[in-house]
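Chain naming follows the written order as A, B, C, D, E, F, G and H, and within any one chain the residues start at number 1.
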Amino acid sequence: MSKNFRIDYQREERIGFQEVVFGASKTIDQLDAIIKDYQDNHKDTLVTRVQQEKADILCKTFSPNFYDPISEVLLVGEFPEDPIGNEVAILSGGTSDQFLVNEIYYTLRFVGRKASRFQDIGVSGVHRLLDNVEELKKFKVLIVVAGFEGALPTVVGGLLPQPIIAVPASVGYGIGEGGKVALHSMLSSCANGITVVNIDNGYGAAMAAYRIINNKS
Amino acid sequence: MSKNFRIDYQREERIGFQEVVFGASKTIDQLDAIIKDYQDNHKDTLVTRVQQEKADILCKTFSPNFYDPISEVLLVGEFPEDPIGNEVAILSGGTSDQFLVNEIYYTLRFVGRKASRFQDIGVSGVHRLLDNVEELKKFKVLIVVAGFEGALPTVVGGLLPQPIIAVPASVGYGIGEGGKVALHSMLSSCANGITVVNIDNGYGAAMAAYRIINNKS
Amino acid sequence: MSKNFRIDYQREERIGFQEVVFGASKTIDQLDAIIKDYQDNHKDTLVTRVQQEKADILCKTFSPNFYDPISEVLLVGEFPEDPIGNEVAILSGGTSDQFLVNEIYYTLRFVGRKASRFQDIGVSGVHRLLDNVEELKKFKVLIVVAGFEGALPTVVGGLLPQPIIAVPASVGYGIGEGGKVALHSMLSSCANGITVVNIDNGYGAAMAAYRIINNKS
Amino acid sequence: MSKNFRIDYQREERIGFQEVVFGASKTIDQLDAIIKDYQDNHKDTLVTRVQQEKADILCKTFSPNFYDPISEVLLVGEFPEDPIGNEVAILSGGTSDQFLVNEIYYTLRFVGRKASRFQDIGVSGVHRLLDNVEELKKFKVLIVVAGFEGALPTVVGGLLPQPIIAVPASVGYGIGEGGKVALHSMLSSCANGITVVNIDNGYGAAMAAYRIINNKS
Amino acid sequence: MSKNFRIDYQREERIGFQEVVFGASKTIDQLDAIIKDYQDNHKDTLVTRVQQEKADILCKTFSPNFYDPISEVLLVGEFPEDPIGNEVAILSGGTSDQFLVNEIYYTLRFVGRKASRFQDIGVSGVHRLLDNVEELKKFKVLIVVAGFEGALPTVVGGLLPQPIIAVPASVGYGIGEGGKVALHSMLSSCANGITVVNIDNGYGAAMAAYRIINNKS
Amino acid sequence: MSKNFRIDYQREERIGFQEVVFGASKTIDQLDAIIKDYQDNHKDTLVTRVQQEKADILCKTFSPNFYDPISEVLLVGEFPEDPIGNEVAILSGGTSDQFLVNEIYYTLRFVGRKASRFQDIGVSGVHRLLDNVEELKKFKVLIVVAGFEGALPTVVGGLLPQPIIAVPASVGYGIGEGGKVALHSMLSSCANGITVVNIDNGYGAAMAAYRIINNKS
Amino acid sequence: MSKNFRIDYQREERIGFQEVVFGASKTIDQLDAIIKDYQDNHKDTLVTRVQQEKADILCKTFSPNFYDPISEVLLVGEFPEDPIGNEVAILSGGTSDQFLVNEIYYTLRFVGRKASRFQDIGVSGVHRLLDNVEELKKFKVLIVVAGFEGALPTVVGGLLPQPIIAVPASVGYGIGEGGKVALHSMLSSCANGITVVNIDNGYGAAMAAYRIINNKS
Amino acid sequence: MSKNFRIDYQREERIGFQEVVFGASKTIDQLDAIIKDYQDNHKDTLVTRVQQEKADILCKTFSPNFYDPISEVLLVGEFPEDPIGNEVAILSGGTSDQFLVNEIYYTLRFVGRKASRFQDIGVSGVHRLLDNVEELKKFKVLIVVAGFEGALPTVVGGLLPQPIIAVPASVGYGIGEGGKVALHSMLSSCANGITVVNIDNGYGAAMAAYRIINNKS
């Protein structure tokens, strides 16, 4: 059978960044073909949500490569050597959300940008956030990750003036399982001007931040 | 037709407080008959969720009476003259939640207890809560009302050691309409040891507080 | 009873814009007291979702005033005379979404900004969007309103590089009643870097745009 | 125990096509007995959703056979040698939806029909669809597969006049997991005259197309 | 303010039928402007879901007109005098579904087609359907309306070979209120090749039938 | 630790049948202890939903025993030798529902009753039901099992006068996955006097039938 | 237009009782025509869920008649003079559920049967149920109505051996609004052999009881 | 990479008890680092929901330790030797809920408190609860665990005057799978003053009880 995909190589020209591959529901063979296609077009490939077993096999085929097992991000190619700027802060409450913090971080690295991580800011101990307010004022965009009740973006939104992108994490249990409570909580926030992406969509949050900081109009 | 209800007059003996009447789905005639039955048994009656039109008619029939149009609480009888204690604090973010704050307040008054209201504590301006922490430490139970994303109990729970009863309010819109988001957020809270009652169940929250402060075992 | 609210007058200093009042669930008396409080502090008041009957009464008490019956936005005071910039484009498919387009437009006017409306861009006739792509490239932020299946932000996101704030409208019927389908569709978009606000949250979308264009960090 | 099924061999006469077997929830033993029954009646058997392990065992027992591991379609027998017509186009956005594209394709082959696959048409790069509009006008029925936000049938429906059968794919994550968002989006489409089948029901879409192209009334 | 809509007059050329107006969420003023626009372009206007009060006012302004209070369909203009063909049968269980049967019927009339109504076919008395099977075989498309458990299309689908468009009706109560049960039941049907439209989307079902019978490719 | 359960041995006296054990969420050790307790009280034990691995181990410990791998019913003890009556008919559409048909059948055997199985009655070929109507009139209770759209009880309810217990099966996919569509469809049935049990609750359906046929009042 | 319904007059012969009319979604004109049709066939008509305004008009046209405003049941005709048997007990917790108790009661009267009402049995004062256990043992079928958490059928099911038909009432608020919690609670009951009907389906419960007590097979 | 968490060691001082670790979504490496951090600060660590495989590895690294495989609670350190008081009773229906009973019990042990377990109190045999009422009156707080329909707290709430913390268990199937029915049932309880925690949140219930019994204000 002939090739069943056609990569949108004009996307970078149209919207300023290249297509990224969603790896979760693709087979090894499908990923293999897609990465080859990128290589044939002299492009690096970023694949999100590549399970460890699949990444191990792909890393044997393609190099250079980079794989982060926590976020399951796979890069075939190399991150740009000198990331520019440091305009994005990524806030989260701790260990359980790290898979998303890393997906955001490596996606921004892929498009050539630095970011700072603040991973010890949980709303059940609000002083940890208050201690960092002055430092956080220096960034141009705040990406705020939270699972469970998803209250962190609301508290951040009442304290800081920048664009805030809230990322619900699928961390929780019982009624909070799967991240819907965090998502709905962020959408219903009584703080003003917060925007939200899909549950676990770290990649999308990074791209939304990039759309802001890359803005030349 | 003969009487289609039988009031549980032994409840006070069993669990320490008298039955309260849920007025929303009862007709004038039904409420009339129930209040008469209480009067025949020399008891005052507290009715929650009595729409204004129904209350106006009942207040013409029965006296003494008290009706709060904001919470739609109707008392046929009189509040105990000298409420004892001041062990319960009711926290909320402002005007939209007042119907619940009042339902809690008047229910506690009905069972002979004082309570203090803190109605200017919204999580989108967290300093307003922080300013009150020392004052709040004096109470034995904290009842925390919130609509929208319902984040207030989580922040309170990380700052104060008392029993916390979270009350989701049906205030919000879009995905937050009806109060489910606030309810689910409170249940999923990353703060420890918070308990929750049904949406708009101010009466239940007051009774839960009463079960704690009345505890003689 | 004493005042049951405390307006967060420090918010402007903290996050760059003043508190706005959510009118839907407040009584005339509550709104009256709040607007007076703003006037005593020499501030204009913007109230969203004020039903016509309530607005009519408030407009008799307070002046100058402005009321838009389509979006139910009430301003007690005056819009800044010379709005600066024209950095925000508001896109929608037509008549049914106008209540949101106007809420966004007047909120931006309240904070002193111009915006342009593109109200004839429906995804079931995609040429209408394609005809406007060059014009749309000139704006710094795109706010995209859609009800029914909510597909418009996805198509826009594949064509244009700016920050995109998607606003689901409660326009539709059957399974699409209430706007949840549009909301979920926008969150699940296969286009990259789109962010979303709550259903019918035109005010929030305007504030999110303002956070971007007001950014001085 | 005696046979616990009775195949509806009159279905072909009544509605023009033979019963197809849903394999997912049947055991090897159950499938074995059913296929034998078809063979005893001189009929080929098409089984959908046969997991690889089960297919491997069945292919050892029965021949001739055909198994497509991507769609998990198993044929015991042979496809008609010269499929007639080429009236159905199957549109999708790419690799992740291929399991459905193939289920549709092989089902149409089983009933003796040709179909063409257009697998590189994603709504986040709408030019790929626009490039194919003239070619697509030649088909009698369009089957449109989409996961995530499910916007593709809406855009197609605004451009082309044929019957459109939309097939939501269980491809997505977060709020879009399982395909409900795509389903609801297709049902709420603002484009006119689109019909929808169940999530992942490629077989049903093929049969719906067959009901149209086989129509002799 | 200038006109906030632009009618898609090219739609007829592209997809073979003209835009129809969704009246439920539009004001009198908005509908008035839209109908005038059509008249200025020498086109009749079909508006669906126009509440009686709005229709009464519009019928005073525009003539000739036709309004069916059961389906709330408003035509400004005249139905084509000699509808061609009689290829569509509309099946339903009785009185409660008539609002949809009529919406389908008048929409087909608007595009110049005849249709036959079979309104006494309820699945709880299956003989009424069986009595009509021979008669129903003569039609090219079957549109099947059902509320409550929505079983009728499944039984029809097992008896007849034509394209079947199932229309869930918002008729029912309790868990079946609003028509979601009928919708989900139709989507999950064990009968083959049935397609479904949104709840109460009679207009969409008519257009889907028209896409089939108008097919010239 | 001491025994953490106390079997309700008085249940048989109170309600006419003995407690049955729900095996799915119990460990081997827990089941082992419970069965021993029954043996010490000279009672047989019926355990439902015992996964094969657990059953294999338990069958090595206890005898006599009977295990049906399709329904995952485990009996420690023996079925009564001469079941009385034949008053219950179990209807279903075929192979996929057999796990429930068997759970019902063996539960009735456990309480000493015969039952007849009609497993080839699917609503997409309604003649198979019609052929059996006379035979079915002889039974006192009809238990009707269905997955997917769950239409079978509705059609049966319109044809036969006996008590009908509808059992939704967790057989289906997409929107019908897990059996909720069948459940809701059965509850919303337009046929009269049908009652429903939980999804996959074959045991409960058998007990409901037993309550009817054992009725001596 | 000709008559758009055909009453199923053979139903009584097939299943032992006559069709009953669901009045909620029918207009006066539609009900008028249906009742006349029954009268022409020398039959009484029972209509459920007839709003007061509609009943008032119909009662002026037709006599003899009976209307119960609490259950909104309308009878055109007369209840059989000497109801036979007294085999059905209807249990509920009190005033709020009376609309359902009456719908059940009058439906049984329509088919010629007596029933006894026990309306003071609420699970939050379980002694009221325990006091009635001996009396309740005398009935052949127990219909148990409950709103809120719907626990009553579970407690009844553990105490009494008869067939139990649980009827969830749309009485409650917050998460319990509309009766879904009661419905789901009854379906999930840990008591054995309880069956359930749709929310507020008093008519269906009466018919299910009738199927049991009328059983002659 | 540097440490990505910061433990909130001030929590004990603020709210009277130390942070507990949620183990389910953390890797071995993450748990290892966190436990070490506690040890470096001379604190014991309680980890909830540690799967057996992870616990086995951690128990080889850290000692002293305690692991309960039923509740998956891991203690690195030792329980206080002489727990004080015996103020908390934990009620449940039996074996299936034991995982929660143990999580509650060991959490209370960790904070130095005794508790009593009543594990044979199921609502389908209500005499088992009634037999224990006098004994239960001695406790200061009642924690009530229930799965399936979650009726136990309602019955307890009508019989006893103490604070009642209801814990829904994820035990059930069909519509009751995952514990949502029990949760919603507890929230909708017609008994007064019951509070609820998240599904399976035994830890939270223990902390809520501790907030009550530790109360010194």
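Worth pointing out:
Please note the rule applied: a residue touches a chain if its C-beta (ideal position, glycine included) is under 8 Å from a C-beta of that chain, and two chains touch if they have at least 3 such contacts.
All of these numbers come straight from a predicted model, not from anything done at the bench.
In terms of the stated touch criterion, the partners common to subunit A and subunit F are D, H, listed by label. Centroid analysis (C-alpha atoms only) places B farthest from subunit D. For the pair subunit F and subunit G, the fraction of shared interface numbers is greater than half, so the two copies use mostly the same residues to meet.
A rotation of 90 degrees, rounded to a multiple of 5, brings the CA atoms of subunit B into register with those of subunit C.
Ranked by distance of CA centroids from subunit A, the top chain is G. A count of C-beta contacts for the chain pairs G-H and F-H puts G-H on top. The distance from the centre of subunit C to the centre of subunit D, each centre being the mean of the chain's C-alpha atoms, comes to 43 Å. Between the Cα centres of subunit C and subunit F there is a gap of 56 Å. If you average the Cα atoms of subunit A and of subunit C, the two centres end up 27 Å apart. Multi-chain contact residues of subunit A (touching two or more other chains) are listed as 11, 122, 124-125, 157-159, 174-176, 180, 183, 187-188, 192, 198, 201.
Contact between chains, as defined at the top, is found for A-B, A-C, A-D, A-H, B-C, B-G, B-H, C-D, C-E, D-E, D-F, E-F, E-G, F-G, F-H, G-H. For subunit H in complex with subunit G, the touching residues are 93, 122-126, 130, 147-151, 154-155, 157-159, 172, 174-176, 180-182, 184-192.
Residue ranges of subunit F in contact with subunit H, taken from their complex: 4-6, 8, 10-11, 22, 24-27, 30, 34, 49, 168, 170, 178-180, 183, 198-201.
Across the complex, subunit D is touched by residues 70, 94-96, 98, 101, 117, 119-120, 122, 124-125, 127-128, 171, 173-177 of subunit F.
Subunit B contributes residues 11, 14-17, 20, 87, 137-140, 157-165, 183, 187-188, 192-198, 201, 203-204, 206-208, 210-212, 214-215, 217 to its touches with subunit H in the complex.
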